[in-house]
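Several structures are given next for inspection.
Both complexes below contain subunit A, partnered by subunit B and then by subunit C.
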Partner chain A sequence: MSAPTASRSGYWRRNQRALAPLLFVAPGALMFTVYVVLPIFRSMSISFYDWDGMGVKKWIGLANYAELWSDPAFVVSLENNVIWLVLYMLAVPAGLFIAIFLNQNTRGIRIYKSLFFFPFVISQVVVGLIFSWFYAPGFGLFFKLTQLFDPAGIALLADERYATYGIIAAGLWPQIAYCMILYLTGLNNVAPDQVEAARLDGAKGWRMLWYVILPQLRPATFIAVVVTVIGALRSFDLVSIMTQGGPYGSTRVLSYYMYEEALSEYGYRMGYGAAIAVVLFAIMMVFISGFIWKMYRDETER
Partner chain B sequence: MFPRPIDQVSPAVRIAYKLALPVALILWLLPLLGVAMTSLKPASDLARGNYFGWPSHLAFSNYADVFRNSPIAHYIWNSFRVTIPTVIGAVALSCMTGFALAIYKFRFNLLVFFVFVAGNFVPFQILMVPVRDLTLHMGLYNTTTGLALFHIAFQTGFCTLFMRNFIKALPNELIEAARVEGVSEVQIFWYVVLPLMRPAIAALSVLVFTFIWNDYFWATVLTTGSSTQPVTAGLYSLNGQWVAQWQLVSAGSIVAALPPVLMFFAMQRHFIAGLTLGAVK
Partner chain C sequence: MVHYTRSAALAFAVAALTGMAAHAGELVIDTDTSDPAPKAAFQGLIDDFQKANPDVHVTWNIFDHEGYKTAIRNFMTADAPDLANWYAGNRMAPFVTSGQFLDVSDVWDKNGLKDTLKSALPSMTIDGKQWGVPYTYYQWGIYYNKDVFKKFGVDVPKTWDDFIADCAKFKAGGVDCTTTGTKASWPAGGWFDYMDLRTNGYQFHMDLTNGKIAWTDPRVKEVFTQWAKLIVPGYVTPNSSAIDWQDALPNLVQGKAATYLMGNFAVAPLKAAGMTNDTLGFFAFPEITPGVGRAEDAPTDTIHIPAKAKNVVDAKRFLAFLAQADTQSKMNDTLGQLPVNNQAKVGDDPFLQAGFKMLSTADGLAQFFDRDAPAEMAKIGMEGFQEFMAHPDRIDAILARLETARKRIY
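And then the complex of A and B:
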């Protein structure tokens, strides 16, 4: 009874440097494979079928993708994603601006920093409700402000022309807070001697920011851009809470349209939904690959 | 320090700065302050059109009404039942994966690491149909367990990135010294590395708590109905019921937002340390 145990533990002892990593990585890798890696490939394969989620799958090749190009709702969603992506980028300079404003040592500044960061901690559902109230026609604070220019007032979320911008503004609120905190940490680590040296050379204001500070903030800028791009393309919660893609589908984005097609009262077109998801995934992969490429370079440099 | 410290500039600018701070803060938080104020207004105020003035009296009864007339307490309980197992599960798994990927050199080490990192950024929609299908087949659709299992798996990606980089920065001599002493690899993990990971564990716990508490997408995909839905999805359906009763919507929103907010203020240092990982060289 003791002999096999002894030899097994001997085997373990001799090979533990090789076995330990496998042992430690296995549970996490298994979970991640089952719930993340394999589903990506399954979605890709589902996108070639006509499937309602329960019945028999019918192979239709590229028909779902062909349909996408002539689907006006898809085109609107894609356009809105581009608008999101471009306008969301404002969070990066805005976050930097607030960070510079708050990077002081006066009394009570810590509490100011936390309160400015506050919107990021709140769920997007709550942010969406807060801004719906802010924009509400009739009594919303924003509506009242627009009445100063236009007596009829602008019901932002009910107006096809503006609704998407209203949602993006709501999304920028927490995103700016996120970028701000990244830059505050970055500013905290700017080398003081370089700043002093530049100051002695007469640098100040914009020139100081551009030539001395920003180069040192590059890691913070990189992370801020990455999280902002991901956040823009992931936008779902706010669209769902504030407009449900309306009015007349004008605020749909790919992530929301996919959900609508695959899993809502509009129908269970899993195959078509999967095709939309694959397109979104392909767009996101461009950015993810860039991020991984940079990480790979950093890793191999070391 | 950039910008120039405020006590080195002229008194006028200093006073202007100290005045600008509270004004900027109030403008920044204006939508939130409005909602907080609305949550304390009696319904009669809103009916009379008093949307911006002070409440005629502080109606804490709105909060009581929210709890009495809606299943929000149950929604909150569901949120805890999803969030706490996820925090424990994802942190435990990533302590191990992070350890393996940071300490050992083996083939495909970087590849495995990059799969975790890349997976953490994919759009949720590419996972939606298969994960819902999988959860249905396991009989876990519309259970908090099914939701928590997915969250554990997905959060392991981000947590592994965090843990691996944290452990990588620990001095390697510690591990070498332990090996020379004949300490086994499992013991190195448990007695040498794990105690040093406490700050990382704290940071990840608060971050994952906030992410999962605030999750809305997966809650709507994997659960339905007040017996299992967490508070984000619950708030959405309550918003449908409380049409135009903004005092209730506001009070409900504040209740739903409170746990992560308290968590943030209690563990601020860890929260920010976790979020800004990689923002400095």
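And then the complex of A and C:
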């Protein structure tokens, strides 16, 4: 490197404290702008057009959004997203339960912990395939089990009444593991002296958990809820692998419907797909701004 | 994406050195031929083209078969090749109407393709012009397990009522009359195509897929009434909407099902699973309405020139080469499919021979539901057929939904 000139080094020295953080943020901010912020605004502008992705764009204002509300497929997707959001939340208490169960010192506990964590390590695609075979009509283990009660058997993914729940169950498997690992690290930081003190005061079982352990796990709970909400809203891979939105569109979620309309084999409606994306983004924003607001409040309180 | 720069580049270099390259061209071809047979067929095609045209340098990009379906939209608008493969019928309509494909009517006229490729002319024509050159197609029909037919003493059915009567025999013996896997919904589209083609005929089917007939029309309803004769008594493998079409193949191989309505591409995996010419049979879809001409599904694969191609002259030479009888004989020998050129030779395989005989005597060739109907209608339609196969009682609601979609789409 060549020696900096006197004036430059002077400027640098004077403003180093202000410039250094900006320089560190710059690469990330640039990427974030190009790959996240700009596409968001681009999607918003595309959602006002009738466009097949190739030809001439036609401005149609809010017509795409108007059509959404009378589109039964969109309503089904929205409902499914809500079901996903509610049931996915089960991952948080279930993860906590397993974490508490595994938070002990017995021989080989590390092996058990890694076994419980395993589903999170494998790809969602593999999870989807394993569960598809588990539910598969004819030879699936789950199908065989249901045949004990009903000789015809229940092919979960072929039945519109159960298919979404079948996919969510598959999604919960790795999500519970994720919440579990968050809580396990949280449990490591629980202050032993407080537990000791509580025990001297006669706290046990549920009361101990509720009044002593859980308050100390609040940061872990917060992160677990955040990743679960986001995981539920962006569910796409499992739907795509296990049912492709079927049977007859009953397991679609917003992200999958957007893909179908805009990008899939039969989807040539970029504008309509973008409108779905904007709606999904708006729903996510409700949660994301909530989380950011809470984090901001926690930081300024200190 | 795999990049292949043909070794014939060397020949080109030599020609250039000796000063012979009078009109040297760079020709870029994008294809979705990631599967072994299509890849080998294109390898042969490009090698032969290079041999015949040493002055052209071909660059060949192979895309993954599924990924290509979305990639084509990007490279057509961003960085267009000189040639790209795609499908005939309404499947190419979005590219034609948005001005992405070049009109190649002159190639058809100059090379007499309207005679040699006659059977594919209607499906390659939009607005009276031709937009690409077809090189292969294959038949659809009913593949059956001969051993199961023998065991139940059943002959190949000629009419729909015969078929349904046979189904009752299979059902009594605990065998599914017909199997399918509609998880990807298009196999249900194949069923609808044949039910409609046999009930109402070719012209009606084309008018329906082109949006000229209401889905609530009583003649459409009649199709589903006939179809229900198969579905309501449970002659189809249950839970088919959770099964991939490949996963339904073992049912036929193991004799758990007697028949399977599929395209000829099913023969290769069926034989790989142990079926032979002695156990696997094929017959044309039986007659439903007497007197209705026998039309068949024969999806056609094609090559097109993008509107933004840089080397149109050599691209047109390539299309002319592709249309030749000897080129198509050789390619389809490798593909295990049927050449479109009516002067070309058909392979010895009994299924190809049967398909060739069936298609060359047909009263009309449909492409397939998802190629005859526009993309959006195809998706909603096939989803409806999938639902009908699971819940035949919902037919009125399904048809009402399709009719709403038809009014919006066309």
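In the analysis below, the second predicted complex is superposed on the first by the 274 of 302 C-alpha atoms of A that agree within 3 Å, B and C clash if a C-alpha of one lies under 4 Å from a C-alpha of the other, contacts with A are read in each partner's own complex, and residues count from 1 in each chain.
Please note the rule applied: a residue touches a chain if its C-beta (ideal position, glycine included) is under 8 Å from a C-beta of that chain, and two chains touch if they have at least 3 such contacts.
If you're wondering where the values come from, they're calculated on a predicted model, not measured in any experiment.
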Per the contact definition in the header, classify A:R42: touching subunit B only (first), subunit C only (second), both, or neither. first
With both structures superposed, pick whichever of subunit B and subunit C touches the larger number of subunit A residues. B
Once the shared chain is lined up, is A:L172 touching subunit B (first), subunit C (second), both, or neither of them? neither
Applying the touch criterion given at the start, work out whether A:M31 contacts subunit B, subunit C, both or neither, answering first, second, both or neither. first
Regarding the shared-chain residue A:L263, is it in contact with subunit B (first), subunit C (second), both, or neither? both
Applying the touch criterion given at the start, work out whether A:V239 contacts subunit B, subunit C, both or neither, answering first, second, both or neither. neither
Applying the document's definition of touch, where does A:Y248 land relative to subunit B and subunit C: first, second, both, or neither? second
Taking the superposition as given, does A:L78 touch the first partner, subunit B, the second, subunit C, both, or neither? neither
Check whether A:P219 is in contact with subunit B, with subunit C, with both or with neither, and answer first, second, both or neither. first
Report for A:A275: first if it touches subunit B alone, second if subunit C alone, otherwise both or neither. neither
Which parts of subunit A are touched by subunit B and by subunit C alike? 53, 136, 263
For the complex, give me every residue of subunit A touching subunit B. 13, 16-18, 20-25, 27-29, 31-32, 34-40, 42-43, 46, 53, 100-101, 103-106, 109, 112, 114-119, 121-126, 129-131, 133-134, 136, 139, 141, 144, 173, 178, 181-183, 185-190, 192, 195, 199, 204, 208-209, 212-213, 219-220, 223-224, 230, 233-234, 236-237, 240-241, 254-255, 258-259, 262-263, 270, 273-274, 276-278, 280-281, 284, 287-288, 291-292, 295-296, 299
Where on subunit C does subunit A make contact in their complex? 69-70, 73, 76-77, 94-95, 97-100, 183-185, 238-243, 247, 370, 375-376, 378-379, 383-384, 386-387, 390, 401
So, in the complex, the side of subunit B touching subunit A is made of residues 1-7, 17-18, 21, 24-25, 28-32, 34-35, 38, 49, 51-52, 93-94, 96-97, 99-101, 103-104, 106, 109-110, 112, 114-119, 121-134, 149-150, 152-154, 156-157, 160, 184-186, 189, 210, 213-214, 216-217, 220-221, 232-233, 235-236, 239, 246, 249-250, 253-254, 256-257, 260-261, 264-265, 268, 272, 275-276, 278-281
Complex contact set, residues of subunit A against subunit C: 52-56, 72, 135-138, 152, 155-158, 243-244, 246-249, 260, 263-269
